[in-house]
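What follows is a short report on a single structure.
Letters A, B, C, D and E mark the chains as written, and numbering starts fresh at 1 in each.
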Amino acid sequence: MEYSIMEWLSDPGLVHFLIVSAMLFSLGLMAVLSQRNVIMVLMGVELILNSANINFIAFSRFTELSLDGHMIALFVIIIAAAEAAVALAIVLNVYNRFKTINLDEISTMKG
Amino acid sequence: MELTTILFYLFALVTVGAAAVMVFSKNIVHSAFALMFSLIGVAALYVLLYADFLAAAQLLVYVGGILILILFGVMLTSQGLTVDYKSTTVNLLPAALLSITAAALLIFAFTTTKWIVSTPVDRDETVYDLGMLLMGDYILAFIVVGVLLLITIIGAILMSTRLITQTGKTD
Amino acid sequence: MEFQIFGIGILTWLVFLPIVGMIVVLLLPDKKSNAMRWTAAIVTGLQVILAGVIYAIFDRAKVGVNDIESFQFVEQFSWITVEAVPWVGRIEIEYFMGLDGLSVLMVMLTALIGFIGVISSWNIEKMVKGYFALYLLLVTGMMGVFVALDFFLFFIFWEVMLLPMYFLIGLWGGPRREYAAIKFFLYTFVGGILMLLTMLALYFSVAYIDPATGQSVHTFNMLHMMNPENFVEGSLLFGVDTTWRYVAWMALFINFAIKIPLFPFHTWLPDAHVEAPTPISVILAGVLLKLGAYGLLRINFGILPDATIYFVYFMAALGMISIIYGALCAMAQDDFKKLIAYSSISHMGIVVLGIAALNTQGMVGGVLQMFNHGIITAVLFLAVGVLYDRTQKRGLYDFGGIANQMPRYTGIAVVGMFAALGLPGLNGFVSELFSFLGAFEAYKWITIISVTGIIITAAYILWTVQRVFLGKTPEKLETLKDLTLREYLAFTPLIILIVLLGIYPAPAIELMNASLAHLVEFVTAGGN
Amino acid sequence: MFIQLPLLILLLPLLGFILLIFFGKKLPRNGDWLASGLILLAFVFSLFLLVAKITSHSAEVFSSSFVWVVVGSLNIEFGMMIDNLSVIMLVVVTLVSTLVHLFSIGYMKDDVRYSRYYAYLGLFSFSMLGIVITNNLLLMYVFWELVGISSYLLIGHWYEKKSASNAASKAFIVNRIGDFGMFIGIMILFVSFSTFAFESIFESIAAGQLPFESTGWLTAAGILIFCGAVGKSAQFPLHVWLPDAMEGPTPVSALIHAATMVAAGVYLVARIFPMLTADALLIIAYIGAITALIAATIAITQFDIKKVLAYSTISQLGYMIMALGVGAYTAGFMHLVTHAAFKAGLFLGAGSVIYAMHKVLHARNDHHTDAQDIRNMGGLKSKMPYTYWTFLIFTLAISGIPLTSGFLSKDEILAGTLAFSTLNGHWLLPLIGFVVAGLTAFYMFRLLILTFHGKPSDQSTIAGIKESPLVMTIPLMVLAALSLFFFYSYNPFGATSGWFFAAVERPLSIVPELLQPASAALFYEAVSSVHTTAMILSIIIAVGGVVMALSVYQWKKISAEKMAEKAGILYRGASNKWYCDEIYDRTFVAGTFLLTRVMRWFDENIVDGIVNGAAVVTREFSRISKWTDDNVVDGLVNATANSADRAGSLLSKVQSGKVQTYLVYVIFSFLVLFILFIRI
Amino acid sequence: MIEHTLHSISQFYPEIIVVVTLCVIIIVDLLVKNGKHTTGWILLGGLLLAGISVIMQTGSNLAVFYDMVAVDPFAVFFKVLIILSSMFIVLFSMKSSELEAYSSRYGEYYMLLAGMIFGMLLMVGSTNLLMIYLAFEMVSISSYVLVGYMKKERRSSEASMKYIIYGAVSSGVMLYGLSLLVGITGATDIFQVNSALAAGVGESFILNISILMIVVGMGFKIAIVPFHFWAPDVYEGAPITISAFLAVASQIAAFGLIVRFFSISFIDSGGVTATGTWQIVEGLHWDLLLGGMAALAMIVGNLTALRQDNIKRMLAYSSIAHAGYMLMGLVILAGEGLTSIMIYLFIYLFMNLGAFYVAMLFSNKLETESIEKYKGLGFRAPLESIAMTIFLVSLTGLPPTGGFVAKLYIFGAAISGGWIWLVTIAGITTVISLFYYIRVVRNMYFFEAEQGALQLKFDLPSKIILLLLLVPTLLLGIYFEPLIEFARSSIAMFGG
């Protein structure tokens, strides 16, 4: 069976979603690695989690995974929320100590 | 071209584009809003994937919860009244290289893999099934997440409230 | 086996008496330093008595080496047994001790030197409790190595010595003690790791069929390891003359060479000797160095005979280099202790040369040299200690004319010196003689070159005698007092042994004759 | 009797040693009587033994052994052997020893370590007797070393003097070098024949067994054992220790360094004579000849009375060795015996002179004048008549003037060398022999004249000189008597007819025939044909030497200085002992010291460095021990460990404290691992 | 369905007890605010009960909660270890003086601790990818907060922030990897994952990516190189009790998880070959991957530890190195490897906790964690110094201490598996480790105490806790047969 590129493009299937997730993942990674602001980094993390979720849901639809994927994604959303809450609490605390939330300035311990 | 295809590309563009704006914007508030659009895009994609409950949850939890949290974070940690929303970057080159490599690697892997695809099931609604699963197979996970949230609350409170020392002074 | 005290075997007593002593010392109140000294003396004294008993009833005709039946004072019971692991078979570690001709002399040496070490430790005033506790632990370790027949047990005792030694040098030593201590520790530890790895490789390669149950049992039992039939087919060390066997031999050899110490693994010794307090130097040179040579005989020769034959020339060459090199380095020293340290390297080279000969004369010479060197260096270090106690100096040029002030001391020290020089009539000669005779049979030129070492030895020893004892007494030394009673007590048994074994070494040689002859036969047959 | 008595003789001096070393100071008179008495007893027994052996069992060899130790399956046996050679040596040793003991009572009277001195003498006598009566090489070696150590102790008796302790060490170490050869020789024989006993070794060789199946090794074994003799008998090139050994008390020189110990080498060669091949013997002969010549030339130029005698001793030992080398076995051994008597006498005589000089100088509190320099003496003849006359007899004997014992033995040696050259064509040997004979006569008379005749340089010193006490002169007289011919042969011009030649026969060579030297029969035939020639020549040369000495020093016809000038480089060479010491110092000694220092440096820097392993670890060491260095060390450690912002080093950058940098590395590692992983 | 749930609950007592304890602590904390360790005692009691119920589970081997969690001997072994170490940590916490400044928050402290313990208990039992992730996050989120517990300390705050950023990213990556694994196999249960893989999915490229991503997350938990970077900073910043908890309990739980995950998911269900080694699912070489990481961990951990002056930081690097040693056990595709990991962990528990504990005692009195300041302590605090020496010697791996037995087994397993190069690196790095361990000893003994330095007095409970750690460390060096039996029987299910 031969697919032309156009045909492939015109029929969004599993791989399309996965590619979106991959792009989201790498954008999240980019944010995490390059942004000095902690909050930006946390936003990057959210992107990564979301990209994984897209995977789960996509697999859930296109493979035999059925609703397990939805289930996992649901829990991931919850955990993302929890993590964000704790992370922001910690950020606040750090801000109180360091008066900055630039990650590279918060490095008294090294070596 | 079917509608779903167009919608897919639209939502995908919104999702990825907004994420890109989020990453490359210099203003942190702009970034936050870009993130919102991106997350909404993801929710829309969920709809395309027949995950209606998940799309709802995504909107509620993320857009309604996490984003607000983040904005609070931005506000609380900005210096006083003169809000400095500038966000600067570090490690730009290695970060870009690594991200692009990761993306390329993943996309390459996804496209070359022969996925065992089964016929997509067009679900009407998933809420009931999910509810059954949650009370059945995933009961333990449900409970654990409950404990987790409890811990999170305690932790977040511990970290964000001011400490009252024994002498009664606040920190 | 046949000889027990309160139902416990004599070897267990011998090994663990010092531990009992250690506990007693630890329990004594801090102030009672004399009681601690006496405890140590009594414990080590009892060891000497036990060693005497062993000497008296030791059957000279039994060979030992790889034959459990002819070991003596055997104590063997299972220590750790894990039944039938599916993919490994049964695992076994034994508490297995015994004596044969290889070890009996070393046990006596350890007992004696241990006792004398206590006597010469009498004037240690700093942290007496810690000192004697560590000292006794050290003695246990040394004794244990000599009697252990299970590799695991051997290894445990081997490593148990490390820490006490580290502290004994590091806490009670001279000005650069810290450096010396860590150096000693590091060297020995590297060797220990090598031995550990080899031991494990051996363990997984050796399995014997338990006659009782028919199970295949992995074991640390050295005697089982000596039987080539017990090597599991396809295991790492299976076969004869394989690369892995050579590697294993080499790893073990390096470990033992460090302890001996052979060139080029010797550099820890001068530092350790110089910095260690006198009794520890005595122990170090008197017993610890022998562990290396003993290990070579017991383990390298016994378990990997094919590799031994393969490397024997190399061993002899290293022995030769150590002899010459040690002697030359000794000659260049200005520090009395360093000089003796290097002379130890030289003398231990003779041991290696002797045992590398792979014939009875050489082996007897080598093992006897171990014993004799132990006695002789003990005398020499004690002698240095006597001077150091009085003057706080060790430089050879700090002395002169001691003979006038301390004639008795001089007499004793000079006897020790002459024994080290290999003067006939004193014990050093006998063992050097047999070592060289044996070696000559195997390696003409190596031996001939090695014998030049005795010329250099004569030179540096006489030069030392001259610098320290002869000449006019400088004014600052005119107040020196001759030996005290305690010092006499330490010296006397050693000097008696030096002379006695020099004139009639048969009592020592007959102990090991049969065993060593058997070992030679065993090794030259390639272990079959 | 022939086993028990020698054992007793052996043990008597040992008993003396043990008693004196432990209780010497507590005994009356510090025990000199005990030591002397014991040795005298030994002498009496020895004499009895000699008479009994020679008269009744002349041809027999008594031997007895016991197992000393069993090594493996080998029995190492010790034992002793009494034949004519050994009984004669027994007497020589005990006699000289007895006389030296006596002499020392006077000579060492006021010494601080008087009892120690006698103890050491006992130890020496014991060891020497051991060499004499042992029947195997190992025991020989044992006693060999023991005489070495007693010699060391006695040379260093006055160890406060640096020169004395130096000389002692030097003597021992030089001897060790010789013993090194001997030890290897013994090893060769033992490894080949599994025994140390002479008898068994000879039997094996006679049966055709060779060490390592090679005639070369047999020759080598012989030469190597001879090395021991080279050391002990002060043969060239190891002769340098003997002159220095004169730092010891003079009686010691007489006993050890003239009569007995130094002769042990000759005795050893005589013992192993049967197994020496022709090649070995030739080398031995030449070594002896060279030694004789060199020492004689040096002796001419020396001014220290003991040094002259020392070189003379070396020279005479060279003679003996040469004699054995050419096959004049009996003559060589006989020279040993006769030489023992007259050389001991010479030394004791010199001792007597030195004692007298010393007393005078001491009384005058003069510590600058050398009591041993013959230039400070002269005209002692009238002051010390006993000493002088006995000294004269000894001098005549050593010069080889007829009617003395020296003439008998020396004449036979010269005849032997001559015979050897007729057989083998080695004419250099007799030539050297005769030249040395002349030189000997010359320098001995020079010594005699300068000491006893002529005018003293300092009259006042000589005026105070007194003859030594009786206890010192009696030994001189005894020895003088023994230097006359009739003790050895009734014919003053031929030793061969005496009992000595009958008792000591050259043993048969047992080496394979091709390697044998000329047989005894052939040799003696040649000897008898050249004997008369040799005798006449030797007398002429000896007398010539004497006359020469007289004309230079007594009659002053010839100026010694001018002669020296004429000799030029030769004189300077000889007076500086042919620079042997200097050469050794600059080469071997300096070389060894340099080597030791190099080794030490090597050990402390290179080996330690390398063995300590990777530089990191080494530096870690020093860091831990010193905690100070932070340049090279930290650079290296940081390279492996980490530190903020060290450019170029991945690891050191890693733990930067910045969490995003960590994450960059995590992702990077992820990719790297993936690439590695996917390849597998 | 309800029956199954109820039955599952009956097999779930330990976890339930911990959660109940958590709730009790919350309530008690609301009622009693006395700045004392009341809640600590409650937690201790809860742990004791949990421990007893764990021990009562010995021998059972079943899957509960719809195959989400397994209750089997393997889990029991790890749960015992986790509860044991947690109890020690609670005891430590009661003796810690740096926590005293926050005594008003003791309740929260112990609550979070209980949450973390709950997560760990789940971790070692999880057989479902979702449960693995949840347990993982449970532990992580509690520990993020606990690390930052000392809010007034800059370094504590910093540590917690680094930790959460690092942890969030790592778990994100792991989640992504899990999603891929789920997608490939179409299963969330690791047994199903295994059977799907064994049936031959045949896509090794994407599979490798997903496994590596999972390794990133799990490697983060055990702090294996190159995913270890957080550890030194976090250990240094966190309260000592939490550092110790992370170094020991967290390590134990993560190892339990990793061992189960890898050896169930990726071992060919064909099981054991004739020679006693396992077959890996085709196309995978995680043994080499993990072997390489183990080697790196040993090298980097030990070398970097050389330069540390802060005892906590030094112990952090040492923990990294020890993780490397333990990981060696996993690369050996045989039951011996797992046995040796478990033996190692068991002994590691005592010796490493011991070292942390003494460090804590010292820092309580000296108010410093600098090793340089330990000079002369050998004479000021003899018992504690001797104990420290023994713990460090044990960590070095010298007999007759437990550390030796641990190393013996790990090295032995590696040798018998033929991983000579790996074991050689392990040997070399062990020698290197001697330096930094002995440096502490040297500082304690080879220097005189400063002038006027007083003896350090510790109360009796402190000493008893010390002995509780010291005695097993020594005893296990001499007699370890029961331990081996215990470990061996606990992994019977892997060996067939």
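Methods note: contacts are C-beta pairs under 8 Å (C-beta built on N, C-alpha and C of every residue); 3 or more make two chains touch, one makes a residue touch a chain.
All figures in this text were calculated on a predicted structure; none of them were measured in a lab.
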{"item": "Chain labels contacting chain B and also chain D", "value": "A, E"}
{"item": "Most central chain, Cα average position", "value": "C"}
{"item": "Most widely separated chain from chain B, with each centre as the mean of CA atoms", "value": "D"}
{"item": "By number of C-beta contact pairs, the top two chains", "value": "A-B"}
{"item": "Most widely separated chain from chain A, with each centre as the mean of CA atoms", "value": "D"}
{"item": "Chain A and chain E, separation of their C-alpha mean positions in angstrom", "value": "28"}
{"item": "Inter-chain centre distance, chain A versus chain B - centres from mean C-alpha coordinates, in Å", "value": "6"}
{"item": "Chain C-chain D separation of Cα centroids, rounded to whole Å", "value": "38"}
{"item": "Centroid spacing, where centroids are CA-atom means, of chain B and chain C in whole angstrom", "value": "70"}
{"item": "Interface hub residues of chain C, defined as touching at least two other chains", "value": "178, 182, 186"}
{"item": "Multi-partner residues of chain A (each touching 2 or more other chains)", "value": "25, 28-29, 32-34, 36, 38, 41-42, 53, 58, 63-64, 68, 71, 75, 79, 82-83, 86, 89-91, 93, 103-104, 107-111"}
{"item": "Of all residues in chain D, the ones touching two or more other chains", "value": "617, 624, 642-643, 655, 657-660, 663-664, 667, 674"}
{"item": "Inter-chain touch pairs (all)", "value": "A-B, A-D, A-E, B-D, B-E, C-D, C-E, D-E"}
{"item": "Footprint of chain A on chain B - complex, ascending", "value": "1-2, 4-5, 8-9, 12, 15-16, 19-20, 22-23, 28, 31-32, 35, 38-39, 42, 45-46, 48-51, 53-54, 57-58, 61-62, 65-66, 69-70, 72-74, 76-77, 79, 87-92, 94-96, 98-100, 102-103, 106-107, 110-111, 115-118, 120-121, 126, 129-130, 133-134, 137-138, 141, 145, 148-149, 152-153, 155-160"}
{"item": "For the chain E and chain A complex, residues of the former touching the latter", "value": "129-130, 133-134, 137, 141, 144-145, 148, 151, 154-155, 157-162, 164-165, 168-169, 172-173, 175-176, 178-180, 182-183, 186-188, 232-233, 236-237, 307-308, 313"}
{"item": "Touch list for chain A against partner chain B, complex", "value": "10-20, 22-31, 33-40, 42-44, 46-47, 50, 53-54, 57-58, 60-64, 66-68, 70-71, 73-75, 77-86, 88-93, 95, 99, 101-104"}
{"item": "Chain B residues touching chain E - in the complex, by the definition given at the top", "value": "105-106, 109-110, 112-116, 136-141, 144-145, 147-148, 150-152, 154-159, 163-166, 171"}
{"item": "Complex contact set, residues of chain A against chain D", "value": "29, 32-34, 36, 41, 103-104, 107-111"}
